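In what follows, chain A forms one complex with chain B and a second complex with chain C.
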Partner chain A sequence: MSTTLERPALAAPRKVTSSKDSRTLIRSQARAGWALLAPALLHSAVFIVIPVIAVLVLSLTDYSFGDTWSWVGFGNYADLFRDVDFLASLWHTVLYAIVVIPISMAISLAVAIGLNQKIRGLGFFRTAFYIPTVTATVAVATIWLWIYNPGSGLANGFLSLFGFAPNRWLADPATALPSLMVVGIWQGLGTKIIIYLAALQGVSRDLIESAELDGAGRWQRFANVTWPAIGPVQFFVLITSIVGTFQVFDLVYVMTQGGPGSETRVLVMDIYQNAFQDLKLGYASAETVIMMIVIALFIGVGRLLQKADAND
Partner chain B sequence: MTSVSLPAAAAAKPSVLRPGRILLYVVLTVGAILMITPFVWMLLTAFKSNLEIAKFGWLPSELRWRNFVEAMQTAPFLTYFRNSLFIAVGETAFTLAVCTTAGYALAKLPIRGGKTLLNYFIVLLLVPFQIILVPLFLIVKSIPLFGGNNILGHGGIGWLNSWWGLIIPLGAAPLFTFLARQFYVSLPDQLAQAARVDGLGEFGIFWRIMTPLIKPALITIAVFQIEAAWNGFLWPLMITTSDDLRPLQLGLAIFSQNPAEIQWPYLMAGTALATLPMIVLFVFAQKRFVEGMANVGIKG
Partner chain C sequence: MRRGVGLTLLAAALSVLVSSCGNGVIDKSTDGVPPAEATGTLRVLVPSFPPSTKGREAFQKVVDDFHKTYPKMKVEPDFATYKNLNEKMSTSIAAGIPYDVMVTGVGWVQPFASKNIFEDLGKYGVTPDVIKEKSTPALIPAVTYDKKLYAYPLVADARAVALRKSAFREAGLDPDKPPTSLADIKVAAEKLTKRDKNGNITRSGFDLASATGFRQSFTTFLAATGTPLYVGGEPNFDNKAGLDTLLWIKSMINNVQPYGQTNAAQQPLVLTGEAAMGIVNGGVDCSADGIGQKNCDDLKFFRFNSGKEIEYVGGDLASIGSRSRHKDAAWSFIQSMTKPTSLDLIAKLNKKVPAYKDASNSPQAKSNPLSQFVADGLVYAVNENEVPSNWLEMRGNFDIQLTQAVLGQKDPAKVLHNLAGQSR
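Let's look at the complex of A and B:
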């Protein structure tokens, strides 16, 4: 990191500084640098790095807030694979991710392409699509809880317009999880649209125009110029979506509490209950480690897909 | 769709494209309506009487502003609101202080291993909150000399159920350090050099010369942090036990889980209270949100 000194030296080559002077200068700058960096380093070490290590260690113990605890090796992991609640949570979370991520990415990209067509009212549309994202998930969940109300909610009111019978939505095991997915997709569009829109605006005009001159149709221009150009951004959106969908909790907590039965139980909810209601911290930590592995697997698959796409 | 744009076709373009344009506007408008309708529905419900919500309908027969007053009396929404405000402001101040200093040091000062440190923050930026949930609780519980703890962090509750615990652990996210660094990096080094020649110290250069120049970045960071703090739920749920500290989202969730009888108009009034400040913030700071997202998404 010597750029700080190189550039001024180039700008004023005649200025002669003794090497001793410049060394004390570097040293005083470095000292200031460490002082400025110290709070962030301390904070991240205490509240991120140590917890990440701790979760790995805790997962091998039966710690439960008490004074006595013991190592249990991989016992927690073995138990987890016989725990029906955990398996249901894992399955629902994976299902939620597999459904929500591609649909929300596809809709967001389509809307972003639409917004990128030099349309009028861009500000209005952008605001409309982004509002659900800036709204707290708890508030969003509360609103949708009322929308899905079987008695006089908006969802059934809407169905009745077309003469359909009312649905029980969150109370029906068959529709509970899909109903949550709809809200998840709805709320997550805004961020993705804005990132896609910025990426689309960054695609070189020259490239598109030269493709047009070469006789490429609209679809060909999209497939051969735009799509490859937004590849890295796609990957970024994918990773944040994976992490985001695995984080789903607020929505489920407010709307279904994991029910009916355990039809909408998700991983973070299971971890939360194991840790803070049943006080099984070691067990909950093992669950967290498995979640980390599943997230890593998802990201790995995403990476493979991106590579395969880039090689086409 | 695949019309090859020969010169003749290009001339006729505006009229040829028209139906497509109209379709585009229709689709986008329907989309925008789908996004906004739930909020409109929320507001309309907040004005209705319990009788009116018994069956589906759109407009309230009159604007019952008293619903808002009564909602405040049913649950301590005003206390929740104040707590949310306090957490948002505290966390934002803390984040700005920690992340600008660190971002500046990473961008401009010759620290040995600076590149490694930058990578360290980038890796941490990828650690999702749900991963550290359980141990973070234990760490916050064992902060030494707080909440009845001894110097080793035993015996008390540490930062649990305290403003410290609500504000400090989730503030200063590595994302914001990285974001601040990205903005400082783009400032010319000559500025700092000139100030140095004038005899200004390193902290003075950081505080008086460089930081005022990245004001847009500070606003971006503040806006994102305010939003994150205002909307947080799981962490306050884990560490608070009293209404005196609970933020609005938590209060709302508790109110909505009351199995006895959910008062929908009151609940929607409370929800409006929880959503409107952030919507207003977004509408006013839209540019910052958009630029910030684009910066993180595209440079990151």
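Let's look at the complex of A and C:
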């Protein structure tokens, strides 16, 4: 069933003066529009467009906070693809995103569906799930550092109940990144749950009841009514998750500093290291440009998946 | 017309907004102005004073001394830490308000001097002879770039080795004959390591003090074989001595000490009894507020000697920013900081040794046996030596790649070869 909304045809101008009035009205509306847009445009120009241009320009130089600098063309980009730290950071970031995004989205949706039911203590659960989101990452990371502490941490204490040997979670190259992923998944749930919950509450009850009357089971109702209805929200959550996971930094900075070795070094950490520790601002700018491109690629893939899902 | 007026108003409003965000005033240069008449703000980046009440009080004493010469100058301190020093410096340069006085450590001077960020102190009469006569000669290479001096030492951050006498006796070792060579240390450490029934280390045999990276310990152990890390900015570790040292570290980690072992207080593990032997920094508090006299009496200090007796010595080094508009005042401030009374305060606050001629007789050295030991051993000082100008980058590279070699992720020989290739 589809409904087409058609724009009503404009009545022919009866007088030249009314046509003039209409143009004046449109112009004044346009002016009002620009006036309302101006603060946002100004903000975007100052804090987004100018920095992006500056990063693009800097990425073509060898600027390192000294007195002199020179143009190096695409030299920084060529060096980046020979830089094992950058390649490792890129891989860790992509891996982090690939694992954290789908798992956190799936858990969030499941929890949101649970919280959308009429259960007791709903307010408590909603608050409990949202608390990690409003807690400072440094505090979250500090608590998780204790949980992962090899000697006195909760994780090893819990596993020891089942006879498992203690693990050196963050000090072991094999478990350091997965340990961070767990924290990343946990910390990101709150926001996603709230968004999903809002979307679920917007799904038409009429459609669900109709499906129920047609004999659709619980899974069929979810797959054919709820899932398509929350499609746009899924896409929004996906995009914000991609951007968020690619920008993961504070968690890594507090918990592992990118170690052991470079096992948990992620892109923003590498950019930070190059820019503010090694003072290679030109090089770090090139890295930032690459990160923007990778995020755009991921968003593009997400968009394609969303389109394919919508066509299904 | 109205649009033009609107735009002009908008531009004016923006200008006001932007200018009101900062104080909008850039100091006029005070160089050449009589000190008593000079006005402006002296910005000081200083990790030597902790931002505690005691640290601020000690800093104020330096400021009060400085004000005797420059009474009208305001001093704006930035109590940074060594961890965020580079961020502070780079962001201040990017923001166009570089610091006038910058206190950094060993390994910072050459990279910043090569970028023209530090001022040559030769014009203030600082020469190697002056430092030899008044300060710590061991720190001359650390403040030298291209045969010019760019910093003045404040305190020496010396490291020694300590052992627990009780642990030695318990393991059947003689604490009066401490192992000093790398080979002997390994043998003793293996005997001293305690494990639980599952084989997990419960007390380390030797603390390499390398929770986050092996750069400093590698430098120390390598120097103990008589091989400095760099000579004249050229790498000196891609050789048999370097490989043997790295393999030795690899053989110690997860054998006599778990990788990444540290405690919440960031204390050397031998002082807390979590290790039987290990690297310690330049001071110990033997009072009841510290580790207590009984623990102190159980400690014995010694130095590495695998062919050459050495003591790793870092330090706090004061420089003048080359873009400062108050260079004369900055030098005057450094002179206030380097007065013996100020250096004693800095040394006490940081458990380091004052970098003046007779450090062995300083109040800090007299205050505890460890400071006395390291002060007496400044003649054995080693550090990264004459590092290349990309040392800031190399610090991180060393920490990451040595860890990868130690944890068996990369071939040690290839790691050293790679690090040598990256040094320039």
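Following the convention adopted for this analysis, the second predicted complex is superposed on the first by the 268 of 312 C-alpha atoms of A that agree within 3 Å, B and C clash if a C-alpha of one lies under 4 Å from a C-alpha of the other, contacts with A are read in each partner's own complex, and residues count from 1 in each chain.
Just so it is clear, a contact is a pair of C-beta atoms (placed from the backbone, for glycine too) under 8 Å apart; a residue touches a chain by one contact, two chains touch by 3 or more.
Nothing here was measured: the structure is a model prediction, and the numbers come from that model.
Colleague: With the two complexes superposed on chain A, say which partner A:Ala296 touches: chain B (first), chain C (second), both, or neither.
Modeller: neither
Colleague: Under the stated touch criterion, which partner chain does A:Ile98 make contact with: chain B (first), chain C (second), both, or neither?
Modeller: Neither: A:Ile98 stays clear of chain B and chain C.
Colleague: Which partner chains sit in contact with A:Ala78 here, chain B, chain C, both or neither? Use first/second/both/neither.
Modeller: Neither chain B nor chain C is touched by A:Ala78.
Colleague: Report the partner of chain A that touches more of its residues: chain B or chain C.
Modeller: Of chain B and chain C, more residues of chain A lie in contact with B.
Colleague: Check the residue A:Pro173 against both partner chains and state whether it touches chain B (first), chain C (second), both, or neither.
Modeller: Only chain C; A:Pro173 stays clear of chain B.
Colleague: For A:Ala223 in the superposed arrangement: first (chain B), second (chain C), both or neither?
Modeller: Neither: A:Ala223 stays clear of chain B and chain C.
Colleague: Once chain A of both complexes is superposed, is A:Ser262 in touch with chain B (first), chain C (second), both, or neither?
Modeller: Only chain C is touched by A:Ser262; chain B is not.
Colleague: So, A:Gln277: does it touch chain B (first), chain C (second), both, or neither?
Modeller: In the superposed model, A:Gln277 contacts chain C only, not chain B.
Colleague: Now for A:Leu304: first (chain B), second (chain C), both, or neither, which partner does it touch?
Modeller: In the superposition, A:Leu304 touches no partner, neither chain B nor chain C.
Colleague: Touching A:Gly66, do we find chain B (first), chain C (second), both, or neither?
Modeller: second
Colleague: Which parts of chain A are in contact with chain B and also with chain C?
Modeller: The overlap between the chain B and chain C interfaces on chain A comprises residues 257, 275-276, 281.
Colleague: In the complex formed with chain C, which residues of chain A make contact?
Modeller: For chain A paired with chain C, touching residues are 38, 42, 64-68, 85, 150, 165-166, 168, 170-171, 173, 257-262, 265, 273, 275-281.
Colleague: Would you mind writing out the residues of chain B in touch with chain A in their complex?
Modeller: 1-5, 21, 24-25, 27-28, 31-32, 34-39, 41-42, 45, 53-57, 97-99, 101-102, 104-106, 108-112, 114-115, 117, 120-121, 124, 126-139, 168-169, 171-172, 174, 177, 188-190, 192-193, 196, 201-203, 206, 227, 230-231, 233-234, 237-238, 248-250, 252-253, 256-257, 264, 267-268, 271, 274-275, 278-279, 281-283, 286, 289-290, 293-294, 297-298, 300
Colleague: Touching chain B in the complex: which residues of chain A?
Modeller: By the definition above, chain A touches chain B via 1-5, 7-8, 11, 25-26, 28-34, 36-37, 39-41, 43-44, 46-52, 54-55, 58, 111, 114-115, 117, 119, 123-132, 134-140, 142-147, 149, 151-154, 156-157, 160, 186, 189, 191, 194-195, 198-199, 202, 212, 215, 217-220, 233, 236-237, 239, 243, 246-247, 249-250, 253-254, 257, 267-268, 271-272, 275-276, 281, 284-285, 288, 291-292, 295.
Colleague: Considering the complex alone, what residue numbers of chain C touch chain A?
Modeller: 10, 14, 86-87, 89-91, 93-94, 111, 114-117, 198, 200, 212-213, 258-260, 390, 392-393, 395-397, 400-401, 403-404, 407, 409
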